[in-house]
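Got some structures for you, see below.
Below, chain A partners chain B and then partners chain C, in two separate complexes.
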Partner chain A sequence: MEMTGLFFYLVSVLIAGGIYAVLCLALNVQWGMGGLFNAGIAGFFAVGAYASAIVTTAASDKHLGGFGLPIPLGLVAAMIVAGATGWIVAKICVRLKSDYLAMASVGIAEILRLVIVNESWLTNGSLGISGVPRPFGDLVQGRSADLVYLAVVWFCVLCVYILCQRLYVSPWGRTLRAIRDNEDSARAAGKDVDWFRVQTFVIGCAIMGLAGGLSAHYFKFLSPSATEPLLVTFLVWVMLMAGGSGNNRGAILGALAIWFIWSATEILTSRLPPEWITRSSYIRMLLVGLLLQFVLQKFRSGLMPEKSPKIRSD
Partner chain B sequence: MIDFINLYLVPGLAIGSVYALGAVGISMIFGILRFAHFAHGDLMTIGGYGVLTAVWFIPAHPLLLLPFGIALAIVSALAVDRFFYKPLRQLPTIYTVIASFGVALIFRSLAQLFWSSGNQVFISGVRMPVVLFDTFRISELHMQVISLTVIIAVALHYFLTRSKLGRAMRAVSDEPDLAAVAGLDTERVVRWTWVIGASLAATAGVFAGMDTSMHPNLGWNLLLAMFAAAVLGGIGKPMGAIAGGFIIGIAEETVTYTWLSDEALISPSYKSAVAFFIMVALLLFRPQGLFKGRLL
Partner chain C sequence: MISVEHVKVSYGGPNVVDDVSFDIPAGRITGLIGPNGAGKTTMFNAIAGHVALAGGRILLERKDITGLQPHQRAARGLARTFQIPHEFSQLTVIENFMAAAATPIGENVFNVIFRRGRFAEEEEKTYRAARDMVTFLEIEQVKDEKAGNLSGGQKKLLELGRALMQKPKIILLDEIGAGINRTLLAKISDKILHLNKEQGLTFCLIEHDLDYVSKLCDEVIVMAQGTLLMEGTVDAVRQDARVIEAYFGGGKYEARP
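== the complex of A and B ==
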């Protein structure tokens, strides 16, 4: 019994780790390839989660729709809505220089949160949306459903990885890195810098939306307080920095490594005396904050540093 | 009209004072160290908790115990600069921005660890507002906050324009290379930037905590408005940041007034979005701010 419990705990860690891997790949497109600072990851994640939930749940008078559509459509909707939100944001903010974009992205996350909390016709406000379906939910029940979902999540990770890898080695990705490393020379070479940045931001946001959709179908319920937005954003940043920004495999590795550390410390701290358990999550947050400082100072290129693909001369 | 002053304008000035004091630090750090300090809000939180702890032990008015919060904030800021920001000085500043984002979380988790994550108040009990001329009903705290902020602003102005150190700070902010060539000790200027920024942040944190209550997210929630105020005033212009803080505070409060109809112009639940739109509009159309600040 102990072993199966541990096994399914591992499964749940891997599911969440997969969702983080998708987020991390998305941030890698924006920051690792495009050099765009986004501190509003949780906002786009939430937009995707709500979009997918609204599209796939049964009709309800508590929130918009409940359109009862199949889950793949929900995930597509998550990407479209999050991507469209990202497009609006990018149209306004992408011309801003790095630090300003960082400040603006905090505001965007805050506004998205305000919309989710206040527009209860759309999202049922702070009560949230329940009864979000799981893929193959009719076929498998109970714990083995987690196994099925694990496969679904990691299938998505694989798809996103292949997409990101294609983007990275393509001429488009090369232009992007040129812009990241030297904006002026890229501009001088005739590249439309702003347009490339808009595309990058939108693609990243769409993938973040996908991650949001995946988490909605995993937890089957979502409300504004279901995740701590700043913690999600922050963890993803630490993951990408530790894994190696600019490297897609590094992004996945970083997501898994940090998420394993985060989950393992949860097991350790659950053995603490009760009055310390509530505080243990703050200690973990503190340690992750310190880990980021360590990575930034001593370990900047991450576990798997970026390697530029060879230039083919055919 | 009286309602407008009592319920919108004065609270706007009070919250504007908090933004102003926070924005001065952000603007100076941006001007001298050249990065957006994401942990500034949480530095305010730390300062606020410093005073809260002092209140538990010393039975005095929280504003008299401000030095305890200021000391704690200064020590925290200098330590963080020494250990987390200084090693990254030679890199592109965006790395320091990421580091400060992490420091924000470190500050916050420390606050949660030492002072619990709930709401705590400085003084319990209901305080009646002071009635002036039978019409204006203004809370005592708001009067203290606004007048103290004005005093601090005047003092800061004289410090920056008259004292040697203040002039050195403006020199480093305006022309860093020239200042270094002229033999100014840049590291000393950096240290004093943190001392002043942290002192004002702690003061603002106590004001904000007394106005509502102390909680670990207090400072982070104010960060966006303070960035907006710093941009509005022009980066590297402390006096501009003060003006920007007041403008943002008044704008946030007065947009919820019934300007056009009986409905609030903008629903109060969206008022924190006002700062964001002011900031983005400014960055796009007048990035130097109202007072000719520096461009990145």
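== the complex of A and C ==
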């Protein structure tokens, strides 16, 4: 591969890696800090993607839309709609213990996917929404547009990181981690466990929605395949486990590390003989599964384990 | 301080606590004793709000708290410890204490994200209180250790410390002395007596060792098989035939799992 080609391949990997980092930070709020097992990441990701796409695209008679609003507003809408969806889900499911919540969230993701596939007045069904604008799309074209988008994505990663870090080092975050470690004890200490869980779930889902919006504006086209749980939910869980659940920097590191490995296997599998290529996605999934096993065996709490925030010495 | 009135608790089968009434007087250390399966811990869970009542009511300072959630009861000055330590295992000892304190300003998510100056003072106070608690319980050497890595005895001290961090009016201690050595036990008793005498803190404690109970408590409540057996001074209880029967009577009251 020639150098510029390689460079822009790297840029595309970093853009997707940034979107995964946002997802991973969101899951870290829900699982790493709050102990909420959300196995329906793809659902909230898709809700955010569609919300932002519908709000920012030009008018079309195939789906709801035509608001043509600026992209930042689209991303805000993605967060609000995904957060509101999360709020409804949390209101129903928040009292469930972790494994039951996991089952419920799988079901919810599936409901959201079916809504997206079938409600074509809203989403144009399986044909998808095209012409989703990119930020600064009028100013820059072609490959340099990717560079601009890289900056946009990583600016969002930075904002989300600062947000998550503020949550983590605060009394709010400490109480949340306490609830995760021992619910009964936290209740006895006067903490409103259910309310904390609702807040956590909503914040996490809103950030997942933001990631969905970022992804829609990157690909400029959106179809129900965006709700593929294999590529969203499963991979994000692997990333958080590998990076270090309960550590925001670990979440970003895990997202990048796993996404680099995932992308590298793409280069490898593309050189396989043709009869193998159709199977390559399964081989990659197997490899990532093995990698997760390795990480869990060798680094049980991830590459960057949870660390209590520093209390300034007196 | 606390009045328990005709309380019944059921886990689906027969009542594990059946029509029990007693008072825990303010400013005193009251013992709650009885053989295994007498319903003592269930009684604590009922008072603290961790199980729903099948009947009766519970008053805290003459106000009905029966319908309140555990955290609402805690806000009214009720603290409890758990028989099996319920530490926040991934948090350090200092963080365990800070997490147990009431920090309403810093637990407001809007303040946390946008107005971080708002809770600095509260956090400073909480930190000082946690440091003082570490000193008071003499566990400075493990203050930055994750609570999950502590020894059994240290976890018991952590239970007491977390309850105290709530600045409660009454603390329910569930077998705080079980499974710890005599030196540490004596230390914990000293702390309890000190808190009671100096600060007038009310305690109700579940213990098995009558000698230990007699050192701390003025009055004891005896439960057996989910019912109230008797109330009285330690000496009166020691000599009561029903209590002797319940404790030493050869398994009659041990039948309940």
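Keep in mind that, in the parts below, the second predicted complex is superposed on the first by the 307 of 314 C-alpha atoms of A that agree within 3 Å, B and C clash if a C-alpha of one lies under 4 Å from a C-alpha of the other, contacts with A are read in each partner's own complex, and residues count from 1 in each chain.
Assume a residue touches a chain if its C-beta (ideal position, glycine included) is under 8 Å from a C-beta of that chain, and two chains touch if they have at least 3 such contacts.
None of these values were measured; they are calculated from a predicted model.
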Which of chain B and chain C A:A102 touches, first, second, both or neither: first
Residue contacts on chain A - larger count, chain B or chain C: B
Partner chain(s) touched by A:E275 [first = chain B, second = chain C, both, neither]: neither
Which of chain B and chain C A:V117 touches, first, second, both or neither: first
Partner chain(s) touched by A:M285 [first = chain B, second = chain C, both, neither]: first
Touching partner for A:F234 - first (chain B), second (chain C), both, neither: first
First (chain B), second (chain C), both or neither touched by A:K191: second
Touched partner set for A:E2, first chain B, second chain C, both or neither: neither
First (chain B), second (chain C), both or neither touched by A:D61: neither
Chain A to chain C touching residues, read off their complex: 163, 166-167, 170-175, 177-178, 180-182, 184-193, 199, 203, 246, 306, 308, 311, 314
Interface residues, chain B side, partner chain A - complex: 30, 35-36, 38, 83-84, 87-88, 91-95, 97-99, 101-103, 105-106, 108-110, 112-113, 117, 220, 223-224, 227, 231, 267, 269-270, 272-273, 275-276, 279-280, 283-284, 287, 296
In the complex with chain A, residue positions of chain C that touch it: 48-50, 69-71, 74-75, 79-80, 82, 86-92, 94-96, 98-100, 102-103, 105-109, 112-113, 116, 119, 122-123, 126-127, 131, 144, 146, 162, 165-166
Complex contacts: residues of chain A adjacent to chain B: 37, 39, 92-93, 95-100, 102-104, 106-108, 110-111, 114, 117-118, 230-231, 234, 237-238, 241, 279, 282-283, 285-286, 288-290, 292-293, 296-297, 300
